[in-house]
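Reading through the structure tokens given below for one structure.
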Amino acid sequence: MAEDLSDLRYQIALANRLLTNEGVLDAFGHVSMRHPTDPGCYLLSRSRSPGVIEAGDILEFTLDSEPVVPPTVQLYAERVIHGCIYQARPDVTAVCHHHAPAVMPFCIAGVPIVPVFHLGAAGGETVPFWNQNDEFGDTNLLVVKPEEGRSLARALGSRAAVLMNNHGATVVGRDLRELVSRSIFMCQNADYQLRAQLLGKVATLTAGETKLAGTLNAMPNVTNRTWEYWTLRLARTGGLPPRASVSKARPQAASKARTSSPRTPTRDQGVRKNRRRR
Amino acid sequence: MAEDLSDLRYQIALANRLLTNEGVLDAFGHVSMRHPTDPGCYLLSRSRSPGVIEAGDILEFTLDSEPVVPPTVQLYAERVIHGCIYQARPDVTAVCHHHAPAVMPFCIAGVPIVPVFHLGAAGGETVPFWNQNDEFGDTNLLVVKPEEGRSLARALGSRAAVLMNNHGATVVGRDLRELVSRSIFMCQNADYQLRAQLLGKVATLTAGETKLAGTLNAMPNVTNRTWEYWTLRLARTGGLPPRASVSKARPQAASKARTSSPRTPTRDQGVRKNRRRR
Amino acid sequence: MAEDLSDLRYQIALANRLLTNEGVLDAFGHVSMRHPTDPGCYLLSRSRSPGVIEAGDILEFTLDSEPVVPPTVQLYAERVIHGCIYQARPDVTAVCHHHAPAVMPFCIAGVPIVPVFHLGAAGGETVPFWNQNDEFGDTNLLVVKPEEGRSLARALGSRAAVLMNNHGATVVGRDLRELVSRSIFMCQNADYQLRAQLLGKVATLTAGETKLAGTLNAMPNVTNRTWEYWTLRLARTGGLPPRASVSKARPQAASKARTSSPRTPTRDQGVRKNRRRR
Amino acid sequence: MAEDLSDLRYQIALANRLLTNEGVLDAFGHVSMRHPTDPGCYLLSRSRSPGVIEAGDILEFTLDSEPVVPPTVQLYAERVIHGCIYQARPDVTAVCHHHAPAVMPFCIAGVPIVPVFHLGAAGGETVPFWNQNDEFGDTNLLVVKPEEGRSLARALGSRAAVLMNNHGATVVGRDLRELVSRSIFMCQNADYQLRAQLLGKVATLTAGETKLAGTLNAMPNVTNRTWEYWTLRLARTGGLPPRASVSKARPQAASKARTSSPRTPTRDQGVRKNRRRR
């Protein structure tokens, strides 16, 4: 299991970099994953741009978005997005928050994203719109308070994604590969929808087509094929996360949080036990 | 002849990668070629993203889109697109199915692509539109049943390409180089047409100009020049298919299907004979 | 202190290259910084495209935009933009003038850039518009006369940036990193605003949101994170400025202007004293 | 002088590659230069995509667009564009014909390109529009007959560039560097003009501004600075022409045409003399 977690950390770093390379993430945005054996816990990087994240940057958090090990590094301000969605959605295993250029016009104009091609069905029939100002008035638009995270999770409901006014989007998935595919296809869908509207009338998929195509898109043969492709594209840029488990840039807290570290298993387990007792 | 087929497999892999590098293909889409000496057979990759295909991935299929050798790898779900078009169009030697971003707005808005510049004449005077829902109702939009493939081929008729509602396009050619040129120029044409419409009124080529320019575009001196250029662009990215005939990633079935393999000629020929007896 | 100035020159060269790599600068545009210990002086490159600037190209200028050391190289024609803003704005430590493609449509159509996403708040609630023709009639549109620079500075007022008709924009910051972030986010904001307008109605941030988000965006944890990210992106292209302090391409005047040079400190100090006596 | 011509061939190859790298040329388009000492002759590549041209590909042509040395390689079909303009315009030293994506919408919609930013003034106050069909009826849209080239040259008149219906543009310059700058800035101008029109009302430069800014743009300090920048960008892609004067890809005719070849000066001079006697 310790080995699995080490690999998972690598996969999460890889997902962050794939999404950066495909234009979904940039200096901002983040990808998390629910802990594989402890559903009350999730894995998320320390505060860094997603395109430079390494396996050693991935830390563990409770669903209240508190770090399992007291951190010595800076954390993302918006991690309640992840914790609150994992609390509300037991079926969700992976979450991505982003400000992709393709979706921003929709977040600004308040126009719904609708499925306009078969792969766009990955986003479902409707992408709900959450206006932070409606409930919380003027803010800096970051989702930092637990009540803001819970409000966003309510707006998401049982859907695959939610748009956030003048800010970006949050996407969920049943696994990391579905999340990555869905995030990328939703951006392509948004781009095609905007240009189709400029060209003429937008014809959407029917409800039946959306369901059938959406089911297909989530199948492993599809998500594995796209994962291979996007990984190759990233590899060609020299952007794969380093495989070596020990990095000079690795922060102390991340080191402590590693269950795979031969020197800290007891403490690590102890922390998790403590958390569970709360 | 065995040598030629080995080179043809390389050329098909190269065509897949050229079209990926020029933005026509991405994680999806595929390019096939009719068998050079057996017109009742065509060559198509196993299921992989086109940008990573190697010569060893190219398998043989009957025009019913059944693999000539029982496969041990996954096949493209939509290969009936290729088989049905080769059945209906004896003049066609190469087929490409894609979801290029440039044509998607036209597939969504239902606006016809018309020739707006001399190289765009490669697509012909009219690109017909096929709406899968009209005949088959709600589907996942993939073309997987023989009757769907035949319907698409009927919509294509004698034309150079056909648009597919909310899905993409299928393009045909008399040889691989014409197919690649036509696919790329049709995307450029679509991009220019959309932006010209935003700017003002779209002036199309006359029927006479389309015929004259279309004839010119198909001449070998044009398609060879563009092939050299796109190959060089691909080479600069390090994306050429590997030349070595033995690859670690090569699946078993592909290996069996190789007529150039010194160890399997008898079996390979035997399989083809069997198919012909059906 | 001499060491600091050497490093500052490197940082200014780096800022020029980061902004080129992110599409804000191209063959033209420039970034300056106020002298760290002499507020009556600023640092700016000799006339070169910003993407190729090295530390040795950075020269010192008085706020009248006269070179501190008589130059043997060509100087930017528009350096009064920098000098006049440093005169009018004691709070400003860094200035960037650019013709970024993202802002050009706004400079041509005279449409105001307004904050449409949280990071776009970095540009403030309003970006004023300066029309050079109003005050100076027909010119070649370059800002070369002191009175033109002063007019531009007046139009800028206490804002973060100013648009210049049919020309480009000038952005200011309290430090180099804030300037770089603000310049890039303002371009993203302009791009999103244009596409949101094509899609539907543009919803801007409220005044309260703009203030809160703008404050957040200027915090070091944000500007340091983006600086790391953009530097990494530049490094991957091989585009970082050379670290070696002696370059063959280094012009003579730049060499003389170096306070870190062990051979010219007396003369360098003398020149600055002379300037102060004026 | 022989040395100069050898360097000129390199500069022409470089110009072709710079313009390809900046998105003006692609698989098609060509750049020529008037012979430096024989104004009745011009230099142009054999038929190749401009991004792969080497110095050894550059051949000599009379102003009737006949090759000075009988060619053993394929020639551009449209070289009368160059010859006819050199005949009509003694002030022109360099010509570029291209199908840049940025200008295509204007060639299709018939909307005039007007100067909308200071660097765009390089194209002059007006870019005339030439409709080949008006005079020649249905063609394949290539300019191949001398009368077509002369008609195009008449439409160009004394201007800097001319748009060609559903085809592209032809740009002229007083030297190679001005030509390259003008071609690139005209594309930027077209892009900004289109997006400004989508955003609101397009404000053009006044006649006075166009003249003043146009004069500035043609000054060597501007064209040299941009030349350095674009060359660096090309160098970073590994795309500079090979410096070695002997290339395996060099065609025989090009070899014969070299005045710098120690073995063929007599014949080369003889050919030119013969031509002059006609």
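Chains here go by letter, A, B, C and D, matching the order in which they are written, and residues are numbered from 1 within each.
By our rule, contacts are C-beta pairs under 8 Å (C-beta built on N, C-alpha and C of every residue); 3 or more make two chains touch, one makes a residue touch a chain.
Since the model is a prediction, treat every value here as computed from it, not as a measurement.
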A correct list of chains touching both chain B and chain D reads none
Looking only at residue numbers at the chain A/chain B interface, is the share used by both copies over half or under half? Answer same or different.
different
Which chain's C-alpha centroid is most distant from that of chain D?
A
Length of the line joining the C-alpha centres of chain B and chain C, rounded to whole Å
49
Please tell me the distance, in whole Å, between the geometric centres of chain C and chain D computed from their C-alpha atoms.
35
Any chance you could list the residues of chain C touching two or more other chains?
197-198
So, with touch as defined above, which chain pairs make the list?
A-B, A-C, B-D, C-D
Which residues, counting only chain B, touch chain D once they are in their complex?
116-119, 188, 191-193, 195-206, 208-209, 212-213, 215-216, 221, 225-226, 228-230, 232-233, 236
Residue positions on chain D within touch of chain B in the complex are 26-28, 47-49, 51-52, 74, 99, 101, 104-111, 133, 137-142, 165-168, 194, 197-198, 237-239
